[in-house]
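Scrolling down, you'll hit the structures one after another.
Both complexes below contain chain A, partnered by chain B and then by chain C.
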Partner chain A sequence: MSYKFDSDARYTENDEWARLEDDLVVCGITDYAQDQLSDVVYVELPEVGATVSAGDAVAVVESVKAAADVYAPVSGEIVAVNEALEDSPELVNEDPFGAAWFFKIAPSNLSELDELMDQAAYETYIEEREEG
Partner chain B sequence: MTELKRTALYERHIARGGRMVPFAGYELPVQYPTGPMVEHEAVRSAAGLFDIDHMGQFRLVGRDAEVFLQYVQPRDVSRMKVWDAEYSFLCYEDGTFVDDIFIYRLPDSWWIVVNAANREKDLFWLDTHMASFDCDLIDESDTTYMLALQGPRAQTVLQKLTDYDLGQMAFHTAAQAQVAGIETLIGATGYTGEYGYELFFPAEKAAAMWELLLEAGADQGLLPCGLAARDSLRFEACLPLYGHEISAEVEPVGARLSWVCDWDKGPWLGREAVLKTKLEGPQRWLVGLEMVERGVPREHYPVAANGQTIGWVTTGMKSPTLDKFLALAYVPAPYHRLDTELEVLIRGKPRKAKVVKRPFYMPVYRR
Partner chain C sequence: MEQFIYDLSQPGRRGVDLPDPDVPETPIPQDLLREDLPLPEVSEQQVVRHYVRLSQKNYAVDIGFYPLGSCTMKYNPKVNERAARLPGFADIHPLQDPATVQGAMQLMYELQEMLGEIAGFDAVSLQPSAGAHGELTGVLIMRAAQIARGQGHRTKILVPDSAHGTNPASTTMSGLEVVELPSDANGNVDLEALRAALDDTVVGLMITNPSTLGLFEQHIVEVCELVHEAGGLVYGDGANLNAIMGICRPGDLGIDVMHFNLHKTFSTPHGGGGPGSGPVGVVAELAPYLPGPLVALDEDKGYHWVWPEKSIGRVRSFHGNFGVMVRAYTYIRMHGAEGLRRVSEDAVLNANYLQALVRERGDYPIPHGDRTCMHEVIIQGKLKGAEDIHTLDIAKRLIDYGFHPPTIYFPLIVPEALMIEPTETESKETIEAFVDALTAIAQEARTQPELLHEAPHAAPVRRLDEVKAARQPVLVRKPA
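So, the complex of A and B:
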């Protein structure tokens, strides 16, 4: 099974991606995550203005068969959410690294981003689980 | 944990990218790479093929077969003509469910289809009550393969493989015929809300039948479909599933199945208890819920009225056909009335819902 990746993004062990754009950390779930979930039918987004810590459950993504929490990859303030996902949750399946970004965080400690996996490490992490 | 069984099509599912999951003791595909939404839509608009070999099949034979069948289930089978097929269920004497079943009247026997998880239990239950009857129940599940071909183009697909005129088959009847040269019991039956067929044939022909059907359906939009689509299809049509809407915890009146019962045919197991419930009203009713506030209702989520938990969701999802968040749930009277405002606790948070008409999707054969 081959998955799409974004070489500009960093990755969490919970299959979120985080990408620095204009001083904000844009976050979503990976292609691997959407494939595991299958057809996404519902996304619940955080409140804009909320202060979050890395690892906090801040959003929910639900597929035909399962509900999964989405965790904040870095600490900071939620400054934007992708409301398009509320009406078009299928975007998560179609374009997980692009149109289906979940939220943007104004980071309070940008070094947290460096602690996340890069693409190569994340690919290895997926392979390990696939063999699991 | 007991080892999971594999159907004869296991390798075929893997080859087609089927995602295998445990279900009723079997490893079965929950979906193919097309995804459950696309598979669901294929059955509503074209056709879908399901491996349902996990289902059990019993053959009932002998002089007292009909009398015995009258006694162990609520439907008046004396009114069934040869080749008729009907839905029914088995009850304990307290009126709760043993299982739900499909009965086919064949020229020389009765063919009974049961849920995979209940096969041993049903066999034991039926055997227990057979002592004073001159008949035999033969478990033919292992030698019989079962596929479901469902959807508006199912007839076109199947007709390519058989000389038998499918156009003359009424819904809920059966026929014995050759399909792709394989001796097959064809049931004009199914559990999706669409017209279609359930096919029973020798287990060693499983791979041949599967591939020939998919080939015959390639130009008709036929897709192999997994358990997720099977569940969403039967859910929209409000067809109950054992372990969800029906179980040993609930009974037929509340489950909206008292229409199956024949009260005049004489005694049957569970009759007194079910009749009493019918007269007095059940403890809880199965209702359809539509979410007023967004959220995915799922099985076991509590249902509340004015902050008090009053019931539970038996099945819930985003309906692919209706594009709404819907649920089936058990609630006590008077909360079962249409338009009653209730709440579903979704991951602990109350979300508004209201009682709506069932079925969510009117089966084509009831229109």
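So, the complex of A and C:
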């Protein structure tokens, strides 16, 4: 299986991606995650203004196969959510790194981003799981 | 396509002729009358034909093999139905004076006692309507007990990732917070992760044993001890009780509260065939919190209703799904203690025979195939040489072979999972025929993949569009 990646993004062990844009950390789920979930039918987003810690479950993504929590990759305040996903959850399957961003965090500790995996490390992490 | 019964309706058609009333008519108050309540107007024969036709499109455990993992779709003996239809059980009302329903109350009392004995608990409430309802009841009991201990600040429930999917839902429903625990390489609870998660914010742990990986939790006693040492309580999900009856008792292993699925383990119809029943058993410390009323017995009063002193309250109207209790009671009495042990032994034997056959044929990976499984086995729909075939395709193709598909894509921690539970009531030949079908499907996957992608071919309807149904559900019938 070959998956799409974004070389500008950082990755979590729970298959979220996080990308720094204009001092905000934009977050979503990876191409591998959407492929594992299959057709996404519902997305529940966090509330704008919520303060979150890295690792908090903040959103939910539901497919015909499973429901999964989406965790905050970094700590901070949720400053924007992608409401388009509520009406068009299929965007998560079609464009996971672009149109299907989930939320934007104003980070309280930007160094948390550096602790996440880069693309190469994440690719290895996926391969290990595929073999396992 | 079968029409909706509303589409069969003709104005003025009647199924029954009621006699003229022999008492004065009392008019229904004007404000309770409504005209927007359309009921189908059909004859008795139309009703019978409509539902018989629908039933013939259905698949049932009385038609064929139904290895739906963790649902324990065992054969439901017909003697259960005979018992449930006895007038003393079928023609009574829950508001009757207890003196007039002593037989029914005796059955409930003895069922409480028998379930307590089977699973090693001091007290049992028959109130909850089904498994998840029992879970919610159990979590509320744990919470009440922690508050009584002066530990009301505890708000977290630990749930291993190999637990039933309802466990996190029940926790959330009860207002508590879920903390997921990983499994180790052997499919057991990761003890290091458990130790790290245990602190004074933990109400308790919810554990499914055998787990949804079809494995007996090898550290179950240690897991319970660790939780108890940290001041927590242990909830046991009894959905997989069919693997261990008469062999070990959850109460003896250190579990404090557990629900039973009478509709699984004790052979009452479910999966569209009838309501469930999810009694909850507890150790002595938790007995005062059980939902009431319970049935008690003493010489003066006979069988009578009692309320546990600090009960969490009612969780259901009246006395639970009584008809299901009669069937479960009949099943237990028909088997006796030795028979129930034999049930579990045969359930585990059948699952292991199925696992051994699948392993021998070599088509489907078995993630924990090196371990003896319990009453169910998890295999993966990852076929070499057929990478574009997924578990869903295999499941749909099994329908063409005359089998109900197993549970699929669960547990979530196993990619492309097929969760197969043959139960003890299936013959060796049926299990072999099922594995033959799996093998034939693996062959088709490599040579004629379109057969799988387009399956089922032989069912009343073809492949349903699950995605469209979830994204654009139509929840109200549109008149023809």
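Simple rule for what comes next: the second predicted complex is superposed on the first by the 132 of 132 C-alpha atoms of A that agree within 3 Å, B and C clash if a C-alpha of one lies under 4 Å from a C-alpha of the other, contacts with A are read in each partner's own complex, and residues count from 1 in each chain.
The working rule: a residue touches a chain if its C-beta (ideal position, glycine included) is under 8 Å from a C-beta of that chain, and two chains touch if they have at least 3 such contacts.
Since the structure is predicted, the reported quantities are computational estimates derived from the model, not experimental observations.
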| item | value |
| --- | --- |
| Combined model on chain A: chain C and chain B, fit or clash | clash |
| Which of chain B and chain C A:Val41 touches, first, second, both or neither | both |
| Touching partner for A:Lys65 - first (chain B), second (chain C), both, neither | both |
| Partner chain in contact with A:Glu86 - chain B first, chain C second, else both or neither | first |
| Touched partner set for A:Leu20, first chain B, second chain C, both or neither | neither |
| Clashing chain B stretch [against chain C; choices 5-13, 59-67 or 329-337] | 5-13 |
| Where chain A meets both chain C and chain B, residue numbers | 39, 41-42, 64-65 |
| Chain B partner contacts - residues on chain A that touch it in the complex | 38-39, 41-42, 44, 60, 62, 64-65, 67, 86, 93 |
| In the complex with chain A, residue positions of chain B that touch it | 19, 30-31, 35-37, 228, 232, 294-296, 298, 317-318, 325, 347 |
| Parts of chain C lying in touch with chain A, wherever the complex brings them together | 387, 409, 412, 415, 466-467, 470-471 |
| Interface residues, chain A side, partner chain C - complex | 1, 36, 39, 41-42, 64-66, 68, 89-90 |
